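Letters A, B and C mark the chains as written, and numbering starts fresh at 1 in each.
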Amino acid sequence: MIEFQLDETSGIATYLQLVQQVHQALRMGMLEPGDRLPTAQQVVAKLAINPNTVHKAYRELEREGLVRARPGLGTFVTRSPSGTDPATQARFLAAMTDWLRSARSAGLGPDDIEAIYRTAFRACFAEGAA
Amino acid sequence: MIRLSVLQFRAQAATAAVALAVFAVILAATSPHLFGLYDSSGIAACQAHGNCLPLATSFVNKLGGFYTVFYFIGIGFLLLVPAIIGTFWAAPLLTREFEAGTFQLAWTQSVTRTRWLAAKLGVGALAAVATAGLFSLLLTWWSGPIDTAAPFDKGNSITFLRLGFVLFPTRGITPLGYAAFAFALGVTAGVLIRRTVPAMAATLATFLSIQIAWPIWVRPTSSHPPTSSSRSPPRTSLTLTWRSVPAAAPSSCPTCPA
Amino acid sequence: MSAVIQTSGLGKRYRRAWGLRECTLAIPEGRVVGLVGPNGAGKTTLLHMAAGLLAPTCGTISVLGQRPAAGPAQLARVGFVAQDTPVYARMSVADHLRLGAWLNPGWDDALTRRRIGRLGLDPRQRAGSLSGGQRAQLALTLALAKRPDLLILDEPVASLDPLARREFLRGLMEAVAEHGASVVLSSHLVADLERVCDYLVVLAASRVRVAGEVSALLASHHRLSGPRRDPGALPAGQEVIEESHTDKQSIFLVRTDQPIHDPSWTVKPVSMEDLVLGYMSGARDDRTHRLEVVS
């Protein structure tokens, strides 16, 4: 069973941290389809957070299609997130590195690059493309 | 809520029980001698007619110092019991809850404030009256013989008037009334003052003042206790002291039968 | 969704000053609500009125749809833990549980035995000799065991060490997970609330400054920094909560629902702590400004 942790200093919302940790566990193979996620009570007993936060995180995961809640039984992993194989990741990492190099030689500084990245990121995911 | 009030009252109830037990033991141990002497003294038969003074004198002398001391202790105790009840039971009843903040706990259970108050006051008042009543019962019963014998001494007759300063508040049901009043006074002080020690002090001071002032200034205007009729035999001196007194009756009374 | 606490123009006046004024709130059910503010802001006043311990001077308040402390049925649905968790010092832990069982019809005995066992409290120990953390846990047990629909806690962890604080919040959240009660929790420490609250009410200087879901509040507040300018220069629809200026730079804490397009601003998100501090210092400045106008 996955053990959640909370980083209070990261500035990332608690429910998002839980979602990210599930993603990570799926990617690393620590969670597999069919595994049960801890109940809200179990998470709360460990982390002393609001149970609504846990429910929110699980609802988000369900929305992403990664888990399914079965009433009375728990929340179970249904599939791994797509595009997680290491080869795909390496390809995009190489493309990103090239882009960064050309941006730097064009004269853009780290803050400019970050601003551009964030704008594009927000625009892309706000359109609901999951 | 009644159960809780009783639970909160545990310590005071224990103190009262211990005091009652001590008194009960002493009274039980001494009563056979006391009542035996009284019965054999013939005072009861003598009362309606005749001169009982010699009988009374010999009865008291035979009793001895301990009994007379304890007699006065009983009187003093019954005078004090209502004051103690008012100061130590009634005044802190509510103020302790206010000072400790526990009223916040008590008023947020599932009983209304009214019910809480009614139970606390009901249990407390009942306990106050019952305690005073029990002490009065015991001491009135035990003091009976001496109460009867002592007034035969003219010098004592003021002190030992059944409706006088000393005996009226300490016999029969009067202590119950005083206890109820002291309880009400203590609770009122607690509600108005809201701090334990000042409320206790105020209760004690007020109660004692009233206890002293009432018989002196108020009671005489409201009641007129019967004075002795001309029929009763005149009395001659009998001094009720710690040491025994010679049985010889002084010849100051001209109409004493031979 | 129905409101678990609803107030309208609620106010309480003490002898010389107002403890709370013009408080209008509609706290939804099923939330863990954090009530934050500096000492003397009116948190205890508000919570005492919600628990039926104080009567309002003006305005109305309804808790679970009824007047607070309206009767035994309403009292049974609300659990209260007072500041400094007062207990009867001379009564034992077991006596306190008996108190709860006698005074509450819906008493869950199994829950108390479970909790007291897990906490390691000795039932025969006098409550006066418990540590602060243990007393707080006892008070929480008493409030939870009556199975309330609403739990009100007045600065329950203020005087506890960090471990005791975490344990208390853990116990509280476990109970919420198990029974689904709404919780209103006051504190002057934001860090505690960040972890557990999903609805926030900020009180300062006896008034409500802001109230809302935490996620919505964090999404609608931003910190803008840029070259020095007046608040009036900001576009309409952006409410300034707090401002600070140097001779070259201005930093504003704003509340807005619209995106900020002006590229001369650096926009950063705010943390809950910054948001609360911003409203509290804004409240302080409010007062100063009002005084200036009057004089």
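The criterion applied here is as follows: a residue touches a chain if its C-beta (ideal position, glycine included) is under 8 Å from a C-beta of that chain, and two chains touch if they have at least 3 such contacts.
Keep in mind the model is a prediction, meaning the values are calculated, not measured.
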Arrangement of touching chains [line / ring / star / complete / other]: line
Most widely separated chain from chain C, with each centre as the mean of CA atoms: B
Where chain A and chain C are represented by their mean Cα positions, the distance between them in whole Å: 31
Computed distance of Cα centres, chain C from chain B, in Å: 56
Euclidean distance of C-alpha centroids - chain A vs chain B, Å: 83
For chain A, residues contacting two or more additional chains: none
Sites on chain C touched by chain B in the complex: 51-53, 69, 71-73, 75-76, 78-80, 82-84, 86-91, 95, 98-100, 102-106, 139, 142, 146
Residues of chain A touching chain C in the complex: 6, 8, 11, 13-14, 40-41, 44-45, 48-54
Sites on chain B touched by chain C in the complex: 1, 3-4, 7-8, 11, 100-102, 104-105, 107-113, 115
Footprint of chain A on chain C - complex, ascending: 30-32, 166, 169-170, 173-174, 176-178, 191, 194-198, 215, 218, 269, 271
